[in-house]
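In what comes next, chain A is part of two complexes: it sits with chain B in the first one and with chain C in the second one.
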Partner chain A sequence: MATQHSRAAARLMISPAVLLLLGWMLIPLGMTIYFSLLRYNLLMPGNNPYVGWENYKYFLTDPAFSAAIFNTLALVGGVLLITVVGGILLGLLLDQPMWGQGIVRILVIAPFFVMPTVSALVWKNMFMNPVNGLFAYLAQFLGLEPFDFLAQAPLMSIIGIVSWQWLPFATLILLTAMQSLDREQLEAAEMDGAGPFNRFFYIVLPHLARAVTVVVLIQTIFLLSVFAEILVTTNGGPGNASTNLTYLVYAESLLRFDVGTGSAGGVVAIVLANIVAIFLMRMIGKNLEA
Partner chain B sequence: MARKVTTQRMALNTVLAWAIGLLIFFPILWTILTSFKTEAQAIADPPIFLGFNWTLENYVEVQERSNYFRHFWNSVVISLGSTLLGLVIAVPAAWAMAFVPGKRTKDVLMWMLSTKMLPPVGVLVPIYLMFKSLGLLDTQLGLVIVLTLINLPIIIWMLYTYFREIPGEILEAARMDGATLKGEVVHVLLPMAVPGMASTVLLNIILAWNEAFWTLNLTAAKAAPLTAFIASYSSPEGLFYAKLSAASTMAIAPILIMGWFSQKQLVRGLTFGAVK
Partner chain C sequence: MGRITLDKVTKSFGDIEVIPPLDLTIDEGEFVVFVGPSGCGKSTLLRLIAGLEDVSSGQIRIDRQDATHLPPAKRGLAMVFQSYALYPHMSVRKNIAFPLKMAGMDKAEQDKRVNYAAEVLNLSDYIDRKPGQLSGGQRQRVAIGRAIVREPAAFLFDEPLSNLDAALRVNMRLEISELHAKLKTTMVYVTHDQVEAMTMADKIVVLQAGRIEQVGSPLELYRAPRNRFVAGFIGSPKMNFITGAAAEAFGVHEIGVRPEHLQPSTESGMWKGTVGVGEHLGSDTFLHVHDTGLAETITVRASGEMALRHGDTIWLTPEADKIHKFDAAGLRVE
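Presenting the complex of A and B:
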């Protein structure tokens, strides 16, 4: 039973965390919004005059912006499609009885623990390199022309690399959800004459709905901010072909030192992420009540 | 009623699953193998799988040329430091919310989670400028602070879901038996809370070790952890596949091993308890 005394103590115990997170959220956020309204470039020291919406106008009408929005959506959508469909299929397979299931699980999960810079560089050099990469050897072996993945299909290549990193996450969560499915329900359906397809679409898939939603929403949060993979493979190029919103804001801020435009881009990124976040919070909020 | 599975079916599953598992794991395996080749063997045509002269020279060279262990040590300090600091802040908060829940506990938890939705690039500029003026750029301390803050919501959430599973009646019983508050915490609660705290620590070390937005943007030569150090291999000169592989193998090995031990907690931690 909570007493007056213990309530006060509880508040005291929670407050450091709350204050730190509040500071972490509000101070930089306020500064970003403030900077976004100034003409502020680190290469041109001056008095940083207030310019209203100018930075936003510049950022939003820059052709690089529409390219970045398209690339961001393609990256998020492409990776989600591959990892969710792949994760369901792989989960179904791993849920079957087999020999060495534990070891296969370990193999499948491994890419998730590889740091982004390592996985991007390993794929870039040792697989996708048009001269020395394994794919080039494979093409040669099959009598095909080697393909310069990161130059000719940069976005698709990055989608491939990022999917490799996230497929384990989707698989692991969907497999966990599948294992909580009541076996007797499936057996009863089987005895009633439901075929494998019907069992999948009417029993397994509805059971997975919640896990799929969680996978989609959590991955979306992370995928909107993909950065290291782009930095070490293509630097956003060629041109803007693989620049996403995160990379564009980084380039404005820390490569072109345009604090004002970079901040305006940061605000745009926050707005975009918030639209996604609203859905995620609703989902997890429901779980808290359950 | 046990499900009947024919040996044939079992064999088919096994072959298929192993084939796919090995395919997914292959890039990691290939990196590990390449790290033991000479640079010439690493790009040999046709590729050599196992029939090469195993050598450790890449590991030696990576260390000698670039002081690898300084970056390894940076990764250790930053991931352990941010995890421990996060734990110190999170344990009391999670504890209080789990055992003395108030009307607004749920709102506070959801709000904490919402800070995680803030895209890092949205606050890149102010953090960078603040760090610059405070002299925190390219320091271990700077990264410990940032990584603590970005992972704090996950630590609090994970601890909260674990603490909530500790039955409150046990506390009451201990109190009835005359336990003091200190005795209650040390002898009753702590032993029950340790497994959950261990998983939280493990997951957080993994996340901090692999974090590659802030580490890349806030460090240069001095405090760069492995994520940033490995990125320097993106502009290579000459033959370097074997050395890249050696550097990568050492960078991922500790986390790969830790990760395999924490599979279950990973699901729980990364879904904020929504999937267990």
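Presenting the complex of A and C:
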């Protein structure tokens, strides 16, 4: 029970940290918003006049924008689907008693420790390369035409690479959740006549709901800003086929040296990220209560 | 319906034999209690009957049919677990209906049975709540409700009352006994608490290290324990064991006398001692008597009114026909 006095003291004590954090976030945000209202191109030095909403209009009507929105959502949705389903299946597999369990678990976690740039390069050069990649060798061995993944299915390829990186995370969280399931519940269900499928569907899956929520929320935050994997593999192309919002902002401000439009894109990305976050919280956040 | 026979059943976990060969018959409609100290294999035995563990060898028959290799759901038994094992995300109604739903019963019949169970167990008021919102006793009832809707051949209970407080435990004990009287279904009940065993059982099976020490009605075990272990396990407070000269006077290695079969006196008697701590229960007082030369302490039941203080001298006389005699191997001698 906090008294009036101790509560006031507590506020005073935490205020430096709060102020620091506020400044930390508000100053960059404020500068981004400020730049987004100027005509500010590094290729055309001079005074940077105030132009109002012009940058936003330019960014939002750019045909690349709607493609980027679609790609961002497809990337997030696709990776979430693959990692959650794959994580549950892998978790079920790793939950079985087997020889060498410890080592297998460490191996499964390994991709998570590989840096995004490195794993994307490995995938690009060692697996997906249409001439030297392992997939190309496999296709040739089977007598098929090698498939140029990054040129013909760029977004799918990136979804695959990013899923590979995030699958360990999902597996780890879901496996831990599975192990926390009371064994007696499963036995009770078995006695109640539930077969393996019904036990999974009625007992295990509801038990995992909270862990799935955590996985979805955390991954969404990171997946909205996937960048390195795109930069080192497709550079957003061909065309805009694999450009997401983060990459579009980068292309505007650093490839076209247009700080104003880039900043406007940044603000749009913040707004969209928050919309997605609110939407997610509404939809599945209630799983975190109780 | 509901006769269970175990024929030379054994169970080993790896190299460790938890249940050595064991024979047991549980008759139809009987209330059988497995009792024994913690770790003696009671749960393992119950889980073998339920089919949650495979037997290492031997045969289990349920209603004369070989059930040794039947999966749990096919044995027609229902189990109430120590942790209750309710499904936390389902309401009480859904929990109770779950076995019926798995059996593919139609909705109307499900509702009928769930409502009947809820009525029998006084669950109707919180039928739409989740298990997390219930007290321990209520959860216990839901677990029992889930068991009775299936109308099983027998109920299996694994220490169902051990998570409840003392007062509730006494209540639930009565309720389960009532339920047995009403349903007349075979019940197999596991506990480490001999009071539960004595108060509820038609037949008690005393286990030690996986072996059956004795099978019998509560009074049979109380009156004629077959060996020293059963004698010490059944009855509260515990029987006094006496070796040495006092036992040899009766011509055996060891004798046992229950506290309630010792006559205390302030004037004269067979054995003399000093009064230690007295536990006053109102109707009775249990005195711990020291310095008798028989054993470290002798417990004796005195009437609640007996005025004896710490340090007083007391005389004890055993009732001649209530003395249990044991040989050096701990077996009963008549």
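Just a few scattered comments:
We take it that the second predicted complex is superposed on the first by the 255 of 290 C-alpha atoms of A that agree within 3 Å, B and C clash if a C-alpha of one lies under 4 Å from a C-alpha of the other, contacts with A are read in each partner's own complex, and residues count from 1 in each chain.
Convention: a residue touches a chain if its C-beta (ideal position, glycine included) is under 8 Å from a C-beta of that chain, and two chains touch if they have at least 3 such contacts.
Note that the structure is a prediction, hence the values are computed from the model and not measured.
Partners chain B and chain C, once the complexes are superposed on chain A, both fit on it without clashing.
Of the two partner chains, chain C is the only one that A:I203 touches; chain B does not reach it. When the shared chain is aligned, chain B comes close enough to touch A:A9, but chain C does not.
Of the two partner chains placed by the overlay, only chain B lies in contact with A:V267; chain C stays clear of it. Touched residues of chain A were counted for both chain B and chain C, and B has more of them.
Once the two complexes are laid over each other on the shared chain, residue contacts for A:E187 go to chain B and to chain C alike.
Put simply, if you stand at the Cα centre of chain A and look at the Cα centres of chain B and chain C, the angle between them is 80 degrees to the nearest 10. Judged by the touch definition given at the top, the superposed model places A:M25 against chain B, while chain C stays out of reach. In the superposed model, A:T176 lies in contact with chain B only, and not with chain C. Of the two partner chains, neither chain B nor chain C is touched by A:V162. Between chain B and chain C, the shortest distance over C-alpha atoms in the superposed arrangement works out to 5 Å.
Shared interface residues of chain A (contacting chain B in one complex, chain C in the other): 187.
Those residues of chain C lying in contact with chain A across their complex are 50-52, 71-73, 77-79, 81-83, 85-89, 98-99, 102-103, 132, 146, 150. Those residues of chain B that touch chain A in the shared complex are 1, 3, 5, 9-10, 13-14, 16-18, 20-22, 24-25, 27-28, 30-31, 34, 43, 45-47, 89-90, 92-93, 95-97, 99-100, 102, 106, 108-110, 112-130, 149, 152-153, 156, 206, 209-210, 212-213, 216-217, 226-228, 230-231, 233-234, 236, 241, 244-245, 248, 251-252, 255-256, 258-260, 263-264, 266-267, 270-276. On chain A, the positions that touch chain C within their shared complex are 182, 184-185, 187-194, 198, 202-203, 206-207, 209, 290. Every residue of chain A that touches chain B in the complex is listed here, in rising order: 2, 6-7, 9-11, 13-14, 16-18, 20-21, 24-25, 27-29, 31-32, 35, 90, 93-94, 96-101, 103-119, 121-127, 132, 134, 137, 141, 164, 167-169, 172-173, 176-177, 183, 187, 210-211, 214, 218, 221, 224-225, 227-228, 231-233, 245-246, 249-250, 253-254, 259, 262-263, 265-267, 269-270, 272-274, 276-277, 280-281, 283-285, 287-288.
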